[in-house]
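Mind looking over this structure? Questions follow.
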Amino acid sequence: IVGIVVGGQSDLRVMNAAAEMLRQFQVPYELTLVSPHRTPHRLVDYAESARKRGLRVIIAGGGGAAHLPGMMAAFTTLPVIGVPINVATSIGGLDSILSMLQMPTGVPVATVALDNASNAAVLAVQMLALSNARLADAMEKYRAALRDKVMRTVDELRKGGLDDI
Amino acid sequence: IVGIVVGGQSDLRVMNAAAEMLRQFQVPYELTLVSPHRTPHRLVDYAESARKRGLRVIIAGGGGAAHLPGMMAAFTTLPVIGVPINVATSIGGLDSILSMLQMPTGVPVATVALDNASNAAVLAVQMLALSNARLADAMEKYRAALRDKVMRTVDELRKGGLDDI
Amino acid sequence: IVGIVVGGQSDLRVMNAAAEMLRQFQVPYELTLVSPHRTPHRLVDYAESARKRGLRVIIAGGGGAAHLPGMMAAFTTLPVIGVPINVATSIGGLDSILSMLQMPTGVPVATVALDNASNAAVLAVQMLALSNARLADAMEKYRAALRDKVMRTVDELRKGGLDDI
Amino acid sequence: IVGIVVGGQSDLRVMNAAAEMLRQFQVPYELTLVSPHRTPHRLVDYAESARKRGLRVIIAGGGGAAHLPGMMAAFTTLPVIGVPINVATSIGGLDSILSMLQMPTGVPVATVALDNASNAAVLAVQMLALSNARLADAMEKYRAALRDKVMRTVDELRKGGLDDI
Amino acid sequence: IVGIVVGGQSDLRVMNAAAEMLRQFQVPYELTLVSPHRTPHRLVDYAESARKRGLRVIIAGGGGAAHLPGMMAAFTTLPVIGVPINVATSIGGLDSILSMLQMPTGVPVATVALDNASNAAVLAVQMLALSNARLADAMEKYRAALRDKVMRTVDELRKGGLDDI
Amino acid sequence: IVGIVVGGQSDLRVMNAAAEMLRQFQVPYELTLVSPHRTPHRLVDYAESARKRGLRVIIAGGGGAAHLPGMMAAFTTLPVIGVPINVATSIGGLDSILSMLQMPTGVPVATVALDNASNAAVLAVQMLALSNARLADAMEKYRAALRDKVMRTVDELRKGGLDDI
Amino acid sequence: IVGIVVGGQSDLRVMNAAAEMLRQFQVPYELTLVSPHRTPHRLVDYAESARKRGLRVIIAGGGGAAHLPGMMAAFTTLPVIGVPINVATSIGGLDSILSMLQMPTGVPVATVALDNASNAAVLAVQMLALSNARLADAMEKYRAALRDKVMRTVDELRKGGLDDI
Amino acid sequence: IVGIVVGGQSDLRVMNAAAEMLRQFQVPYELTLVSPHRTPHRLVDYAESARKRGLRVIIAGGGGAAHLPGMMAAFTTLPVIGVPINVATSIGGLDSILSMLQMPTGVPVATVALDNASNAAVLAVQMLALSNARLADAMEKYRAALRDKVMRTVDELRKGGLDDI
């Protein structure tokens, strides 16, 4: 249901977190490599066939001049979520962020935080949950679990149990 | 179905474009003012009641330390789209962008381009279209119309008809 | 008297310095975790009960889209001091700084230097010292001690005793 | 009780808002010009005599290499609030912000948003309100007034009365 | 011989300077509109047919998330020159610059200065001049003309003739 | 045919990649050191004699105030490609990028991505290929090889063979 | 004694202030145009003959990729003062600042504030005053005059005479 | 003759290079610590007595809100050279650079490259050389030595002797 695409093999380091999060929500996904500049026809094919192949949301990550999410969005009307990646030769991550965020009117990319592929998956689940009661419920439970985890740390802090910080 | 919220009255200048775009897609919306820092309880109420009141997507715009989208997202599991606004005392728009983009894991904000409320609406329609065939079709037509408009300009350029540039 | 709140557990690394400085001034404090996005109701409760619980100043630290100080300030009229934290996925610390500094009129956050939780505590003591002669005196002594420490280094430099640099 | 100092005459354009806000809270203040680089001895005298002259908080504004707040803070232990000002030759306001925000440990400047002298005054009132019940009450009323103003705009929006936007 | 493509109609304001410069060098060119996000197939067609249609260099301009030059380069092996454009909602031009400059290995974009379409044309002529003696000669003359123009201004300055500055 | 020049010895770490890429394309090159600020006359001599010595493209890399590409371009009309280098005392690479990108009209530098000397070589080959069928063919093959390499990774991903990420 | 050089005619708008300041100190100067990229040989000649022609300090201003001060410094051992200029297509002035500030070891440029040609002249006078008692005295008087001007404004503020702000 | 002052002990790591360079030129210097914020009176004393004690140039280094060079310049009319230092909590060095570069008219700081204390010393020598033939000569020799060192590397490159890169 969700297509996760990375612009380069090294982006898998960051983007695997999206897959992991989707598995946690039991959302089927495919994860593959589509280089916008080295395999541009593959990008066209991927985006144009996405809907037919049953994809409903696309998560695309990239660093530097990160054209993958924006060009995916140009070839499909499915929602595209962009994950800017802070690669070694990036300008502090700003190049990745701005080259997917600053899309022109009509073709948005839903951009999430730098290197935060998990959040791209959460956002994808939120979109799918609009018409899927199980996912809507699972999202509430996920949030409750996050809350509980914070509260457990609060308790540990109260008991002075965080000595190792 | 879509809630458009602005952090300050002056943000309406930018955010009205979201309303206009939703009207074009015949998507019902409400547009109101929720100041995260001056009416924080209103923010809690708005976000917590959003789902019950039938909202499915929230579009929130703001400038400077733009906490509205992120805090909306904290109080609801509906997808929240953020529109960074370049206000007069902004640091080139970067403050608005970064304070809604850089959300922690579990609570994403789908951030779009600076001042581009239209794209927030397009993204909202794309989300809704996942379970609404009419909107999916309308989105395809919208894209075709954008394409046609470009092609008309191409024709005018070909004919030399763009003398006044 | 002073409430130190961190947005995430990893922020304790930086924020413990505030607690240490307050201990040095013998100012009572509490230190806890309040995630603005994962435990937003806890944030509301914390801020709204702060005055009643005897807090007079709140020090809040966070990284990325750092909404904790600003939202604390929205729910209380106590002075709130913000400590921007340079987390791993931060845009050079600028996101943290701008998302707490650029607050709208009426709801300021007293922002201090990046990662400088000690200075948040010093500022808190300065505020409390406005009506506490002991603290005013202690602050003068603290400054004198800083001065003396510099002068000892000056002496060592004069004697050529800083060979290991 | 509050000393408002500006680094240059042109800064009055921005800093007068601090005076206006203090008048609204009926907090006595003095407003004067202290150029850190053209009248540095005046800076020393001002800061060192501040406490004796009855000042309890200092608000200092400046643009570019804005040393006024930080050097004020070096010569007094009173809390100093800094207002970064976006002057004509500023680097987008970043120079003003960073040169007052990034103070070393022991000598903080409570920095507020770019050009937001009003917030410096609000923060000063919050500090004074720690030992002044009238001001604490006035601050609550001020916040309520801000809230009410937002709610009136909400009502106007509801009635469609904001045609002129 | 040279294809000038703009991503949006408003970019013509900047990009016409490239056409003007090429006319000055009597280099044939075509100027048209190719929106990478609204007419992505047109982009593919344009780039893939470029060599066959006799183009030897492509000049592509764009603002914001400026994907046009990079995607052109992905679909052709002709040299592509990118002109970053500082549009109204740009982040100081940095988004345009970084999204065309920071291309991955194998698919470069020869990026020139912000809004400097003239220089894209000069660079294109330099490339063509590698195998065209007339252009090589014309380029030398152009440079000499630039030099002479500076020297005329030097003379006017010497004579005090620049009173109106 | 191609002159690769580095501004400092430490830049060889980055710039050797240009030489390696040119060897791969069997394009003759020379690689040497020309410090624009320590050996400025050598810069003049190098640039002015470049054409006569048979050079057709110059690749120049540098960090910080990187004047080498721009000044090379001032003394020759051959195309000059600039490689910004992120040295230890660089401002995130921005100084290197901007000091070669932002050239005035008439004297462009074809700037490529930060630290991406390989792409400077690819761009040089693209320029030479305009009048060299062997290189044009080799460039197509290089691109095909890049494409094939991506596709092999795609296959490995499909087979789950990328366990070690 | 002081050579003021501008990189382009439009820079005179800013750089005339240097001439005006030098006249005020009765320091002889010459003001001319030396384009580093359009008249590079003139740059070499200017810098190499500077000492012989009696120049003792060079003030050089420029915008964008501002190579003039740094290359002047490469061809002479006289002190060179750089004035970064915020031209229309500048990246907020940062390009001009960084391309003259970030010089390599051995060849410094004494960089002053953005667009502040007056300060370049003041710095030049300070250098000359090291061996010129008249100038040392004049500099003290200039500073006193600055101080007096501030104090007059202080008086006017005290009298409430600054109504027009 | 030259006073080298550091704002904090950790800055010695960078600023020792200035002392080393001055020793190379046999220029007498003193090196000491003056914290602008912890020992502000020492700053006043240092700057005001500088001329009387025989100092002719002051080199001041600092990081973050680096007020030392600018405040030194406020209390003396001797030329002050600023060395911005990239400390651990710096915003990429930009805070240090801007808070010493962006000085107001009348009180310049001659700013050199980030962390480049050597260049501050070279600039100081250039200033002193204006009235010292030995130093003028030594500076020429220093430049020649830099040139020779580059040429030796050029030779090694030619011989292929740089295998270890």
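To keep things simple, chains are lettered A, B, C, D, E, F, G and H as they appear, and every chain counts its residues starting from 1.
Following the convention adopted for this analysis, a residue touches a chain if its C-beta (ideal position, glycine included) is under 8 Å from a C-beta of that chain, and two chains touch if they have at least 3 such contacts.
Since the model is a prediction, treat every value here as computed from it, not as a measurement.
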(request) In contact with subunit B and with subunit D at once: which chains are those? Just list them. (result) C
(request) Go ahead and align subunit C to its copy subunit E using Cα positions, then give the rotation in degrees, nearest 5. (result) 180
(message) More than half of B-D's contact pairs recur, by residue number, in one of E-G, E-F or A-B. Which one?
(response) E-G
(request) Could you grab the centroid distance between subunit C and subunit F? Build each centroid from C-alpha atoms only and quote it in angstrom. (result) 47
(message) Taking the mean of the C-alpha atoms as each chain's centre, how many Å separate subunit A from subunit F?
(response) 34
(message) Going by the contact rule already set, what residues in subunit G reach two or more other chains?
(response) 35, 38, 64-65, 89, 91-92, 94, 97, 101-104, 106-107, 109, 113-114, 116, 143, 146
(request) Please give all chain pairs that are in touch with each other. (result) A-B, A-C, A-E, A-F, B-C, B-D, B-E, C-D, C-H, D-G, D-H, E-F, E-G, F-G, F-H, G-H
(request) Please name which positions on subunit A make contact with subunit E in the complex. (result) 7-8, 35-38, 40-41, 44, 64-67, 70-71, 73-75, 89-91, 94-95, 98-104, 106-107, 109
(request) Enumerate the contact residues on subunit G facing subunit D in the complex. (result) 86, 92-94, 97, 113-116, 143, 146-147, 149-151, 153-154, 157-158, 162, 165
(request) Give every residue of subunit D touching subunit C within the complex, in rising order. (result) 56-57, 77-79, 81, 97, 101-114, 116, 118-120, 122-123, 126-131, 136, 139-140, 142-143, 146
(request) Using the touch definition up top, name the residues of subunit E that touch subunit B in the complex. (result) 9, 12-13, 16, 31-33, 35, 38-39, 42, 64-65, 89, 91-92
